[in-house]
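The chains carry the letters A, B, C and D, assigned in the order they are written, with residues numbered from 1 in each.
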Amino acid sequence: MSNNIIVERERSLVELERRIAELREASAAQPLDMSSEIAALEQKYQQILHELFGTLSPWEKVHMARHPNRPTSLDYISRFDRFDELHGDRHFRDDPSIVGGFGTLRSRNVMVLGQQRGRDTKENLRRNFGMPAPEGYRKATRLARLASRLRLPIVTFVDTKGADPGISSEEHAQSEAIAICLQAFTMATVPIVATIVGEGGSGGALALAIADFVIMLEHSTYSVASPEGCAAILWSDASKAEEAAAHLKLTADDLQRFGIVDQILPEPLGGAHRNARDVVTQTLGAVDAALARLASLTPEMLLDQRYRKYRRLGEWQAEGLEPVRTAR
Amino acid sequence: MSNNIIVERERSLVELERRIAELREASAAQPLDMSSEIAALEQKYQQILHELFGTLSPWEKVHMARHPNRPTSLDYISRFDRFDELHGDRHFRDDPSIVGGFGTLRSRNVMVLGQQRGRDTKENLRRNFGMPAPEGYRKATRLARLASRLRLPIVTFVDTKGADPGISSEEHAQSEAIAICLQAFTMATVPIVATIVGEGGSGGALALAIADFVIMLEHSTYSVASPEGCAAILWSDASKAEEAAAHLKLTADDLQRFGIVDQILPEPLGGAHRNARDVVTQTLGAVDAALARLASLTPEMLLDQRYRKYRRLGEWQAEGLEPVRTAR
Amino acid sequence: MPRPDWLPARRTKENHVSDEALWSKCPKCGEVLYRRDLAANLFVCTRCGYHFRMRAYDRIASIADGEFTELGADVLPGDPLDWSDRKSYPAKLKTDRERSGLSESVVCGFASVGGHRVGLGVMDFHFRGGTMGQVTGERITLLFEAARRERIPCVIFAASGGARMEEGMLALMQLAKTTAAVSRFMADGNFYLVVLTDPTSGGVSASFAFQADVIVAESKAMIGFAGRRVIEQTIRQRLPDQFQTAEFLLEKGAIDMVVERSDLKDTLVRLLEYADHE
Amino acid sequence: MPRPDWLPARRTKENHVSDEALWSKCPKCGEVLYRRDLAANLFVCTRCGYHFRMRAYDRIASIADGEFTELGADVLPGDPLDWSDRKSYPAKLKTDRERSGLSESVVCGFASVGGHRVGLGVMDFHFRGGTMGQVTGERITLLFEAARRERIPCVIFAASGGARMEEGMLALMQLAKTTAAVSRFMADGNFYLVVLTDPTSGGVSASFAFQADVIVAESKAMIGFAGRRVIEQTIRQRLPDQFQTAEFLLEKGAIDMVVERSDLKDTLVRLLEYADHE
């Protein structure tokens, strides 16, 4: 059973959906006019939908971002005009939790990369629940550099709880893999557009999110740590995750305010998975528009603008506080 | 027991050496003048030395190059003013069969790299008999790139039967590791001086031997394949290695004639190990001189000169032979 | 597979060899296949899907849209080491010229592939086991230099047992020479695509074959640095069948994709599109 | 270890805290050590060689030849997320300021090390567990920018539990910001040297710490991406003691060398020589 609170909540809608469907069927088969009953039920349905999903707390958004039916990176990539997947870090392994390759988006050739979680248990095992190993980040580094050489813009989809924290990942220098991936994106001489489509977890997410333009879906989250991890670190109690979620300022609105996210894309009531087709269309449109705006910039302008963008974040001068500076 | 034919031959000298030493001792302890006996024995010794080692066949040179006491890369590196070893490919492992790091040679800071076989059985096991794994070539690639960034000339010592042909080397993409290492040396923007100090075996040797100036010790060998490997490939009979050695043109003289080697350093009668100190001194002097000659070249000039050097090798136009070119 | 006008002429010598060229037996399933049917099916067994090793001009015909303009055909192998064992090296070359209809282990030139002009180099295992001699390296180098001047992509089909013994160190130096040419070509931002075919090993594998931007391998091709026999002798045990296959390398992250021969041209055309800046 | 004039003054606050600062118990062998002796021995247990975690100014004193000119000391942390759990974030900062005598988890500035002028940044685990907040990132960035202008090497001592929770995504963005500064610095051919000290993990480990040209680690330091506890919870078993130590990483090829603290300054001076183009 899912312990996702959004999935739990959706259960209460299932009965109502079944009844509406039955009524429609009956109405079609019989001369009886049941349109008013149907309308009433639908109104009720919309009302419940609003009650359940009208405003979501940060914790609810965390669950929405993790919803098993939420569109994953490949749901976006598969709607490109074309996609040719490239594999491997050339050294050790192909990591299926990062998908990458050449793609064509609205007639524009790009390099596309995304963390990919599974859409069922079996795929989740293969893709390590979307938590990349060092080999995944090394593949991303390789492809980002290739994109620069071939002058292809980079498009990324971010969706991971975080980088894999397992033994072999430590043995293969996970830190180094992420650190070098960050450098590769920082120094890429082509436009980069990143979209946070699900859970943006920590450095493992950021490694694919250094970009000239960052888009975020309304109910996606992007956080310095998972709420569970944060609660464990601060209070040694992972069960206080809901409280941590409230503190972490991990929603799209928060992040736009901080200047970390450039554009928020609205989701249907109840989340992106309730109308995945439109969400994907709208997202790809936004990515394309961002690429179009960036297309005229020279490599030097891009690098300069990207530097200034990240340079600004966290330049902070506290007021009224004296520096700890003792006499020399 | 060693099956090295040079070592075998040296056995016949041991008895003579022992007798000379005994006579000297006796002469020192007693009033008796035995100088003429000693002189006679020493003359005989020199004569035998000449008979045994005066001219060496290619096959004998193969054994000389593999002699267990022949100075190895570290014997040269340890005579640098300073050496600070750097480790690891940053991904998977430190391969002890390639040694590398910062060094100072006659007051000049350089990056130094060399294949390193063991000087005894235990060390040979640790260093895989000097046959590098992909991780070794990746370390070399990393350090060659670092040298370019820091504008440090690269000095290499070549001494390997070849790259490791084991299972995990294949699993970790040995081909790719060598191919990328070749590229790193080709594109390095600093002077490179390589010295073939022992056995230069195939692509595994070449990966550290792309250089602006190539020095070779008189009895070192440098070959497209080991004679055993060549015999196995051509005649499915590794025991015909001696015949293969004669064919392969793997001696310093051959290679200088082909323009592959720029300078040959003479060895003492009987091989480098009979006076390792002087051989190392002479070699480091030659390396230093080569670095001094290259020091004035700009990166562009170096790259251009290096390109033309390798470009020339094997530009061949057969005479009298018609191309197989059918009508179109 | 459409047969371009020039192909039969180029294959003249091969067809002279003997009548057995009319029929081929599948080494995997044993099916006896009429050579013309086999050619029409891109030399893939119609029964079991086994990929026969292709001859260079057949490969070119299967990949190029039409015309193929050869480069470096007049650069021909000599005998730099004055080599002679059971047979002199020139005699070995002569035999292989007659048997393969080729003058060296690689054919290079220019072609259009799905409308994209590319430098195309195809190695052929039937000439000296696809080994790389001076002329192999020279032709590859000429190709990358010409493609760099034109700023067009290069596509190489690799098939090689490694460096050629009979040219000794001059053969090994071709690793350096081709690397130099490839590196310059790539440093200018040109696209380099390689297709590893059965078998690719040794010096070719450890130089230009694994330097490409994108590495495609034909299904089931054996690819490695060391030969299977060498490894088995070293470790004194039999290797699993899967070891060193294209599929194995894909899992190990060494290559970008594995492609069936029937999909190969389409795949190459798609990949070339991405590097097209027209 | 010679004690520069400025050091006692900088450590004033620390020394105020309590009398127990006079004595330290070795967590490894249990020996009770007089703090002044411990300091004279570079905070290495005189009995068993255990390396205590060093305070930033003690570290600087042990590495710099003499003078240290601080940079970014007036950039001070705020409360961008308006964070409050058991305690408000400003209150936590206040406690750590008093306890550590530092205004943030890193002290940056310029020093001479064996005659080489360098940008020197030293993290301190005693301030918020060495976590990286906005100001940590800002100071590191200011240091790399200044060192780039001067074309001098940078030496960073890393010690960190990762990104700081209480500054949320603004803390995570410091990975990006420092990476940008480090990358520009390195692209110009400047030399970047890092010393990983106990413990280095999380966001610091996964950004500037592992981007250095040369990575030195102090003997026995714990270094990793994920924390030991996190991994043990994930795999539901205890990890070997050796796991994630500096020595383990050396074997795994992740770092260049492991150095005892007593050899550290000499090692750094030697390494700096190699990048000296005067």
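Details
As a working rule, a contact is a pair of C-beta atoms (placed from the backbone, for glycine too) under 8 Å apart; a residue touches a chain by one contact, two chains touch by 3 or more.
All values derive from a computational prediction rather than experimental measurement.
Contact with subunit A and subunit D alike is made by B. Distances between chain centres, each the mean of the C-alpha atoms, put C farthest from subunit D.
Centroid to centroid, with C-alpha atoms defining each point, subunit A and subunit C lie 43 Å apart.
With centres set at the average Cα position, the gap from subunit A to subunit B is 54 Å. Residue positions of subunit C touching 2 or more other chains: 210, 252-254. Counting partner chains per residue, subunit B shows two or more touched chains at residues 90-92, 171-173, 176. If you draw each protein chain as a dot and join the dots that touch, the picture is not a line, a loop, a star, or fully joined; it has some other shape. Put simply, subunit A touches subunit B in their complex at residues 90-92, 134, 138, 171-173, 176-177.
Of all residues in subunit B, those touching subunit D in their complex are 82, 84-95, 102, 104, 109, 135, 139, 146, 149-152. Interface of subunit D with subunit A (complex): residues 5-6, 9-10, 12-13, 70, 73-78, 80-81, 83, 85-86, 97, 101-103, 133-135, 137-138, 141, 161-177, 179-184, 187, 201-203, 205-211, 223-226, 230-231, 234-235, 239, 243-244, 249, 252-254. Residue ranges of subunit A in contact with subunit D, taken from their complex: 163, 165-167, 169-176, 178-180, 182-183, 186-187, 202-203, 206-207, 210, 222-225, 229-230, 232-235, 243-244, 247-250, 254-255, 258, 260, 306-307, 310-311, 313-319, 321, 323-328.
Across the complex, subunit B is touched by residues 186, 189, 191, 210, 213-214, 250-257, 267, 270-271, 273-277 of subunit D.
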